[in-house]
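What follows is a pair of complexes built around chain A, which joins chain B in one and chain C in the other.
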Partner chain A sequence: MAVKHKSGLRSQLPFLLIALPGLLYLVINNYLPMFGMVIAFKKIDYAKGILSSPWVGLDNFKFLFQTSDAFIMIRNTVLYNLAFIVLGTVCAVFIAVLMAEVSKMFAARFFQAGLLLPNLVSMVIVAYLVYALLTPETGLINTSVLPALGLEPVNWYTESKYWPFILTITQLWKTAGYSSIVYIASIAGIDTGIYESARIDGAGKLRQIFHITLPMIKPTVIIMLLMSIGRIFASDFGLFSQVPMNSGALFNVTQTIDTYVYRGLMQYGNVGMSSAAGLFQSVVGFVLVITANYAVRRVNPENSLF
Partner chain B sequence: MKRIIALFICVLAVTMSAGCGDGGTSGGGAADAAQEVVFYCITFTNIADNYDDINDAINEHIAQAYPEANVKFRLQLFGPAEYEERIRLAMQSGTPIDLFTPLGLPNYVAQNQVLPLDDLLAEYGKDVTAILTEDIGADAFNTFKFDGKIYGVPINKGMAITPTLIYDKDILEATGFSIDDINSISDLPPVFDKVKELFPDVYPFANLNQGNSEIMQVMAGENDVDMMMDRVTYMGVVIGDSGEVVNLYETELFAEYIDIIRDWYEKGYVPQDMATSPSTSTEYFNAGRLFSTIGGYGGNEIGVTVSASTGRNIGSKWIAPFYFDSTAASLATAVSSTSKSPEAAMRMINILYTDEFVINTILYGIEGRDYVKVDEHHWAFPEGKDINTVEYTAAYSTGIVGSEKLQLQPVGMSYDDILLKLRQNVESKRSPYYGFTFNPANVVNEMTALSNVYNQYIPGLVCGSLDPAVAIPELNKALEAAGIDKVVAEKQAQLDAWIEANK
Partner chain C sequence: MSKLMSRGEKAFRIFAVAGLAVVALLAFLPFILIVMASLTSESSLLKNGYSLWPKEWSIYAYSYMAGQAKIIVRSYLVSIGVTAAGTTVNLIITSMLAYTMANEKFRWRNQLAFFVFFTMLFSGGIVPQYMLYARFFGINNSYLALIVPNYLMSAINVLLVRNYYKTNIPPALIEAARIDGAGELRIYFKTVLPLSVPVMVTVGLFSGLAYWNDWVNAFYYIDRPQFYGIQNLLIRMMNNIQFLTSSANANVTGSLVMQLPSNGIRMSMAVIGILPIVIIYPFLQKYLVRGVIVGAVKG
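And then the complex of A and B:
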């Protein structure tokens, strides 16, 4: 047994060496910076440096919970992300199923490129695309669309009630095409024999989709879901700050943890508090992944991440 | 697993000691070699790819003119958006940085990022002390004193930034009004009406900076409001000489001025998206679609500058007095607490504030190539060049560096204006609390929360797009939740102590 194990290690050595650069990268890029977590518990004194600055316990975390803002920003972050996760997954799977039915090579390439393009556009540009549509005096919606429908113009950047929809649509427009790639790939990996036998048994397109495609990509969907749940406390800064043009009147529906921390700390440059907010986000995200994974494992161990 | 951890710790140890080593070597220069002093400077113009020649020219001059100073100067330019971030990064990573211009000194003092300068000034900064005492007054350094120690050398410039109406002369002429008819903002609406009537495409008024109509500055000037060291968010102010710190946003005064701007908004004098629009007065002026804006400026010749950059015929006039309050002197040169040689840094400050060649080379580049000297006090771009095509310039940083008296002025700007600006320092109505400094260390959490409330409501209120009847009560509820009372109380306590100490 022991001998076999040894030779096993020797034969695996080349593969381990291949993995080495990647592992090193992981350590240097993802683990070394974790040293910075200590900053969250310190009152940074630049003259003394990070290590000798005094410890302050949880003081840096207090500002997050100072006001009712804490509730608003956590609510916004979580609800938006839930909406993005659910709607995003539905849209992405829907697109993937449709794309799988496009058989002509040229058409498939064309649609794929078209779906990917929004994802390559920077959020700042997206913000101005939205702005071109919504700007009160010259925007397309107020000057052409609403009058054509006989509606009054809307001052979009001060009316918070529309923004949950605007943000969700923007986000889906930007990301759905990109996230569908994973599902397109996993649909492509399904054994075509299964579809053939289904056809012989008389199953139509819809039946094939509901009884073959969707069950076959279920594990992929679950993994993707778990991974996005881990980021449920993070938010796309560009989407929540740039797209609403940083408008104060919209903060009730656009404030997320990231934008709050940015707005609050830009002015004071307190790295301790910024780190505290980042750490808080990560810890909660970590707990959520573990919980979600545990829940999945209870239902279906095969589909869990670990 | 243990091995992996051991490896991990090894890597960690190696990288950390490498980090320290870097800091060690650069500090250990030979004693007689010139000490390098790195100056982080803000610029509002394009940054040249390479400006070694600027540094070389300055160093050549320093070596000749001040051999005893024994300093080697290195300029580092950054745009305003990244400036403070770069300072923090440099300090955290051990990158050399000696001099910079903090945009909010109290926060830097609170985090020990800057050095106390009293001893250094006494020993190496005699010239700069003399000049500042002459131009600003014997109390020049007071605004930069914390716990009795000086942390900044004030920029020697006109610090009275008077709310100034900047207007299109041609449009004003067409309306039949004269600029003499306009003496305060209450004179503006009739003119605005006429502008609207004659030029439906022209906005009577737009903001100079995004989300800020400057109405608060007008209010402060007309009513002697001392912002108590918080020029950005005005949390806790003193009105007049009452000695009582109040929440400005609860006062009648605030509501009164917000009503004015709300009225302008409702009458369509201002762009309806002024609170959020990235378009500001400069663009509207450029397009010929704007009559006026208000901005805080020193001197009274900003019209000349705006005319030059917009290609329109622009004039300017003070529209409200400036109240020289505790906040007035806000910019100073500070020495980084990570500086390897604070003595050299102070010797360099002394040169920065007293040497004409050094300051003008930093601002305008190499004479002949980047600028030409028109006469004793004026400069111009060389034939065929402008601010975008010239090889090097930092021409807009004039109020950021050293002493304004030594700086050349653009052609068309009268030198008298500089002297006027410096006179304004002494002649503007001075708040009895000038010299008071606020240390926010005890209320950092509150200040952070408050600045978020500020961002949420104030741009909308001061640009008229929020209904004050609804928004002001909401604002005050939010401020209260964020701890305004604690900040006001803390300010009051520090002010009382200051008044007691300065009796």
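And then the complex of A and C:
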């Protein structure tokens, strides 16, 4: 028995070797930082080194939540995500319903190509595109659109009241086509016989959409919704830092947890509060993902992550 | 089918085509704007602003950039090198890990799957990761800093490849190779890898896009411009020109600012930043769509 067991282990060795590089990477890139989260409970002193920096308990969190920054960044992160989730889903489903109608046409490929392109470029490029539209002296909006409407030019990069709309439109522009792919696939999976019999019964196109298409893709929509709710504490660093050009006048409406963590760590040298905000984001995110997955499993066990 | 379409159905089809044409155009318009702006003369830009049709054509922005070619070519090479190296390593370690996880003969495959999967649920966050890479491993200001953090392997891709192996590679084939006396490494390289080209293209595409579009790693780990890829050069160009313009009164003479075709250059820089993606995109669209569907429906 013992011999057999040993040779059994030996037979596992090649597998472990094949898996090793990937495992090692996960340990370094993902698992070590998890343990590193303890720095949120320390007062980091680079001179002493991270390991010998003194423990300060919950001080970092106390300081963080005493500032107005904490409220602003959490409010922004959550509210933007809610807007993105609701409007993003509506746009994606709308596009998917239209795409399903033209799917057999030659033009479908070109529509899809156009709709997907925004998702393939970096937020840095997106920032340039937005800049071409909004920069005060030469941007298209100020030089062509507003004069045509008889309106005064706007100093976009210092007027914070417009940015919730600008950022939401930018996000929708970048992601709607891409998110529609899943719904297009879901609609393509619907049995065409159902539509045929509805037609024979005299159901018009709109009736077919509201009584067949939308109910049939409802599970997919719910799953996608739940998964995005699981990520409601995460934000796209580029969208909120590059697109508004890091303009300080806009921080009130552009600061999210991710931009705060970056600025605290790299610009203000405030490692304590930065790491506290990061830990808060990770832990709440984890709880939300678990909860969302539990909800998905209730809807459709096949689509849950675990 | 189309002969039998009722009036309502015809009307809806026209609405769908028109609606999609408008939406696709809106998605595309900003790109057209920057291409046109990059081809407009600087004086016309200053007078009329960016517009969708140049009043005065000019390739001055591009010829000015050609004078800066050294910086641009360098950052292009950094981006290409990082993308190629990162994606290659990514494909190798992703598929190796996925192969082990898919293998019935591997005793701890479920534990391994959980180990991979857990990284999708929980993350230590950027601060500890930064401390580890910058302070402990000290890889800041090196090419490693552009390649290693975040993008070298992602759990979702590992699971994608594992599922592909499970459903597309017949166990009989592997068993046959094993009976022929092939070891696991040999089976992986000679039997499994050649059969996994489609999923490798999809994962390679995701990885390549992630590396080409990344600017965040350099934001955290790089402060020497020689390591800037194209994205970070774009960020620097935006800030630098802003700096020149804003300090015009203090230090730089007005005429010097006028000489710098800053409005056109910004746009031409953005154009060359997008160009590679636009060129390869038509060939890869199908793999991208397939990858998104497989990844989203069952991660």
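Keep in mind that, in the parts below, the second predicted complex is superposed on the first by the 209 of 306 C-alpha atoms of A that agree within 3 Å, B and C clash if a C-alpha of one lies under 4 Å from a C-alpha of the other, contacts with A are read in each partner's own complex, and residues count from 1 in each chain.
The definition used in the following text is that a contact is a pair of C-beta atoms (placed from the backbone, for glycine too) under 8 Å apart; a residue touches a chain by one contact, two chains touch by 3 or more.
Keep in mind it's a predicted model, so treat the numbers as computed, not measured.
Of the two partner chains, chain C is the only one touched by A:V182; chain B is not.
After overlaying the two complexes on the shared chain, residue contacts for A:M245 are found with chain B and with chain C alike. Once the two complexes are laid over each other on the shared chain, residue contacts for A:Y260 go to chain B alone; chain C is not touched.
In the superposition on chain A, contact is made by A:L133 with chain C only, not with chain B. In the superposition on chain A, A:F286 contacts chain C only, with no contact to chain B. In the superposed model, A:N270 lies in contact with chain B only, and not with chain C.
Once the two structures are superposed, chain B and chain C can be ranked by residues of chain A touched, with C on top.
When both complexes are overlaid on chain A, the residue A:F63 reaches chain B alone and has no touch with chain C.
Judged by the touch definition given at the top, the superposed model places A:Y25 against chain C, while chain B stays out of reach. Residue contacts after overlaying the shared chain place A:D45 against chain B, while chain C stays out of touching range.
Touched by chain B in one complex and by chain C in the other are residues 28, 31-32, 35, 46, 50, 135, 137, 245, 265, 271 of chain A.
Residues 8, 11-12, 15, 84, 88, 91-92, 104, 107, 111-113, 211, 232-233, 271-273, 275-278, 337-338, 440, 444-449, 451-453, 455-460, 465-466, 478, 481-483 of chain B are the ones touching chain A in the complex. The touching residues of chain A, counted against chain B in their complex, run 27-28, 31-32, 35, 44-48, 50, 62-63, 66-69, 135-137, 155, 157-158, 245-249, 251, 255, 260, 263-265, 267-271, 273. Chain A meets chain C in the complex at residues 8, 11-12, 14-19, 21-23, 25-26, 28-37, 39-40, 46, 50, 95, 97-99, 101-102, 105, 107, 109-118, 120-125, 127-133, 135, 137-140, 142-144, 173, 177-178, 181-182, 185, 204-206, 224, 237-238, 242, 245, 258, 261-262, 265-266, 271, 274-275, 278-279, 281-282, 285-286, 289-290, 302-303, 305-306.
Put simply, chain C touches chain A in their complex at residues 6, 8-9, 11-13, 15-17, 19-21, 23-28, 30-31, 33-34, 37, 45-46, 48-52, 92-94, 96-97, 99-101, 103, 105-108, 112, 115-117, 119-132, 135-136, 148-150, 152-153, 155, 158, 183-185, 188, 209, 212-216, 219-220, 231, 234-235, 238, 263, 266-267, 269-270, 273-274, 277-278, 281-282, 285, 288-289, 292-293, 296-299.
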